[in-house]
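Two complexes follow with chain A in common, the first pairing it with chain B and the second with chain C.
And then the complex of A and B:
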């Protein structure tokens, strides 16, 4: 309601504090479902793209039409590395060998990305080795979270691509809900899978932008696909999003429907209980528009407070999930809150429709009838 | 409209059509002067509330005109009626009808808001009115914390919020005990005299006759001469004398009754009821 006017909507909503609390809590919990799901999804995307995001490379070169790591196979001849190196504006290049496989320890196994990298430069290796050191021949770096899940540590042995490796170090931020990452020497990888490269990473010379470098490499190597790092990250995120989009949409719709039911039911009940009073206000001179605004404001209050509660709860729930299951990251982003807020306001509007209809139609003469 | 606060001409309200038509109000003429207190009485179903609703711009007449404060309510477009109510009329209801979520002050302030006054001005006006009805120490009390008399005083303050020329009161004392009923009647009279407001009360309460400048008897949708009315000595109702079969002669005096049942009751125990003289 406008400033300087008696806030009838808010007063009505909070007159029965228990009902208001239940309504707000109901909306809050329903929206938590939406926000946490969105957060889990955002966290998963953040984790899945972690290797690319933290890479020092400005451009990634892959086999023609290969734009992602997930659900892709890329193979390029070893000469591609030199061909990229010869492009004007390239400061450095690094061949990356890569495949998907399983890392096994005893009866435990996890799906993994296997990276073969040059340990001398470390550019295509793990972002950070938290414990131990880079792999030597016959050695492997395993992600900390995966090592915990497999129950192994430095000095112990895991099996990848049918070959045993001794763990030399533990990396971080390489495990997500779906898989993990392991790193071996590029020579060891070549011994197992051949000398071809999956990707070539390239850094730009000072003064050359990533976009410009990508254009130059693409022009020089037309039989490849060249992407800047942000584009590579976007493509990777997109394929993951596309794979999960239907499930996410269904779960979000369920969350919103629960919120709609909660807001709709409480608002309708509250409005019916106040119908006579709305008749009195109408008799005193309020137009239907004003009464409608009062009901709409009540819906907006319920949804807004429910959203605030949901944001707080989702952050708490996200932190709890992260603590209990390290491979699941919950990221509640402002964009997600905004989208959920817009959705929540929309359901508030829908929920208010039926009560609005009743209020707009209320006869002011109701005030003269005996209750 | 010759200075009348309310001028009603040939006001008619008929519900339904043909054989099932109900003539709730029949061609009423009525003028109420500024500052005049008019009490409209009549049996249930006589058309009192229908008349009040038409005077209050809440019910469209079938024909005729209702001019309040210079505005013909019968002619006004539907969308203008809320604003007309908010600016020209004050309402007092039998059941007080205060908004339960609001304090006394907010109840009155809301009416100020509806009349176009907001913010500090509305709050100040509401406070003054509640002071005027003697509720300065109840400003922040909610309706469930007030007595019946206090609630009705808040309702009176609310009815005055928009400074209306006309106050319409529906059974304003019906839910009050004798003391509070007189207090409310006195307040209404006071505001009529001091502010020059016209007060139209619809009631069964005989006590309100004390503060009324004029008492009108409405029956079957038309005003009757009060001179031709009597009081049933059994139930106390005002009853029509002419053409009323329910009467009884005793010691040369005629007694009038609302029904044969009251008459028979009286005839069986006349000593019990003769304290009241026939009107």
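And then the complex of A and C:
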């Protein structure tokens, strides 16, 4: 008497390795559509929140109803800085001047956030100056990625808001899909755009939580919007998420539909080509449940291997995109892989329905017919 | 007469057997599933191309409709969207003083994020002088704003968030009454209001963003105004620069998506043709045994993959039409256009997919031993 079990699903699927490879590659690439686009938007969220994530401020104050920086305008009178300073529990205050403009070098130009900050404290300035130093009068700090794209370096000149600035330093992590960041002295900014502030940054005294400080500032300045740093980051990320949600939904549906067609095609072919074998298995006493499990296992194998391939491909494609265009960051996150995996398993289940129907109905007498 | 490639003439029997077609049509369900999958890949390429064409057509909607010959802005300004120009309103008088200027009006424009139903909505706020040019050009319902607490918003935003004329909306801490609905910007909604209202929103009285100019002699006016240090751009320059801005953000991800769609289409075609050939290897063995040469077999594989590609192309066209209707009805902010260029590119992509996909089935056929014909199964 023979013992042991025959892994029918796996053997059936991988009997023809080329066909299995084509099928898994088809599923994998379909899921790459979902993962890469998700990665692009996750990367964009990471990039656009870089300034506030790395800020030392516990609380950000903005014009009423302004909760973000990207695609946003905020203007508050210069006195707002002193008003925040007078709130109990505030350790330090910094006014930040900000607008959106273009940074130009020769014929090349990039859209940029322009930050005007107090270089004496550096609190509202760049998190890290990788090369050079903070700007003096008539000088500017440009992000490293943007400097490479514009073909400029320290000591060279760029134009912002119609004025020329000499590059004194290069900062990092300030360029995203849409724009870059440049930093000038707050006095230079005021000379170009007036004395108002876009945001006021505040640090809490020891023993005062960021939430408590935000409550106190909001109470003292009701005509402003006060947010803690994590809340400001969350609101900024939501711009990308909300604007990308529809595009993501469309691409995900298409990606999953393609994966569904590929898995369905593979299972259908693999099952129908082996109906006689299924008949033999049924003649040997296997119930419909066992046969159904075999088909379901084939679907699971196709989807699981396709997902593994998709993750690997997405990381490779993401790295390639990052190398080709440093302003685009692709982040393939575990949560995204999990969501895609759940979706892929669901489509695997749907794809298995038609072959399941055929297998369940197979006549055991098929085993004794001529092929 | 030699048989056509992909068909074979057997012995003394006259007439060619369309082997490739018969092989594929032997299992219509498989062909349909394959055409559907390839069609989805083609649809994706068409949709991305169509979205891109829609972006191009939509990104200049303001410039296309306000009918200005020139845009005067702060030195260094190159875009209508994105970069914020600030000029003293006295610039309007400077421009009007030019003898060839027919009309000149101040317009302020800037992006703002509005929160509606817990969603962040991008709006492009345009402030203009009531009754003057540069404001809403296409009022669908209601009227253009006349006072500083009135606004006309894009139809898409109004419909999607259930906002009607007479209701209110908060923008940057101020409450506005919606008096009209109008056109939309690319992936954002216009919010037209008075220039004075934007002065208050930005706490920037006495300033504007652009001076729109009407003139019959744009070159001469441009030269004179540029000599004063102002930035002067025409509609085409603004359109080109705004498009370049969008390209920077979306160009690479779009190209990657198209590339992935192409690979998927090729893989599905290859999978279908390969499976069809593998299942009938005995018949192909017979064909080889009676003298078919390598070139015939390659052409046979190519015919099959091109037939699947053609079926996929047809399915892709239908899916695109259905998908476009669905997307633009559910999400009207997307404009998806079908251009002759996008259709040509889709056809070229399908044919190329068919050609690339023929490699693996052709290799399978080339390696097939004629003795297969005499084996069982």
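We take it that the second predicted complex is superposed on the first by the 364 of 371 C-alpha atoms of A that agree within 3 Å, B and C clash if a C-alpha of one lies under 4 Å from a C-alpha of the other, contacts with A are read in each partner's own complex, and residues count from 1 in each chain.
In this section, contacts are C-beta pairs under 8 Å (C-beta built on N, C-alpha and C of every residue); 3 or more make two chains touch, one makes a residue touch a chain.
These numbers were taken from a predicted model, which means no experiment stands behind them.
When the two structures are aligned on the shared chain, A:11 is found in touch with chain B, with no touch to chain C. Applying the stated contact rule after C-alpha superposition, one finds that A:287 touches chain B and leaves chain C untouched. Using the contact criterion defined above for the overlaid structures, shared-chain residue A:158 touches neither chain B nor chain C, since it reaches no partner.
In the superposed pair of complexes, A:65 makes contact with chain C only, with no contact to chain B. Of the two partner chains placed around the shared chain by superposition, chain C is the only one that A:258 touches, whereas chain B remains out of contact. Touched residues of chain A, counted separately for chain B and chain C, are more numerous for C. Judged by the touch definition given at the top, the superposed model places A:109 against chain C, while chain B stays out of reach. By the document's definition of touching, neither partner reaches A:167: not chain B, not chain C.
On chain A, the surface touched by chain B in one complex and the surface touched by chain C in the other have residues 371 in common. Considering their complex, residues 49, 52-53, 56, 58-59, 79, 82-87, 89, 91, 93-95, 97, 99-102, 106, 109-111, 113-115, 118-120, 122, 158, 162, 170 of chain B touch chain A. Listed in rising order, the residues of chain C touching chain A in the complex are 27, 29-30, 33-34, 36-37, 40-41, 43-44, 47, 74-79, 82-84, 86, 110-113, 115, 119-122, 170-173, 187, 201-204, 229, 231, 245, 248-249, 252-253, 256-257, 260-261, 263-264, 267-268, 270-272, 274-275, 278-279, 327, 331, 333-334, 360, 364, 376-377.
The part of chain A that touches chain C in the complex is made up of residues 16, 18-19, 22-23, 25-26, 29-30, 32-33, 36-37, 40, 63-68, 70-77, 99-102, 104, 109-111, 159-163, 177-179, 193-194, 196, 223, 225, 235, 238-239, 242-243, 246, 250-251, 254, 257-258, 261-262, 264-266, 268-269, 272-273, 317, 321, 324-325, 327-328, 371.
Chain contact summary for the complex, chain A toward chain B: residues 2-6, 8, 11-12, 14-15, 276-277, 280-288, 290, 363-365, 367-368, 370-371.
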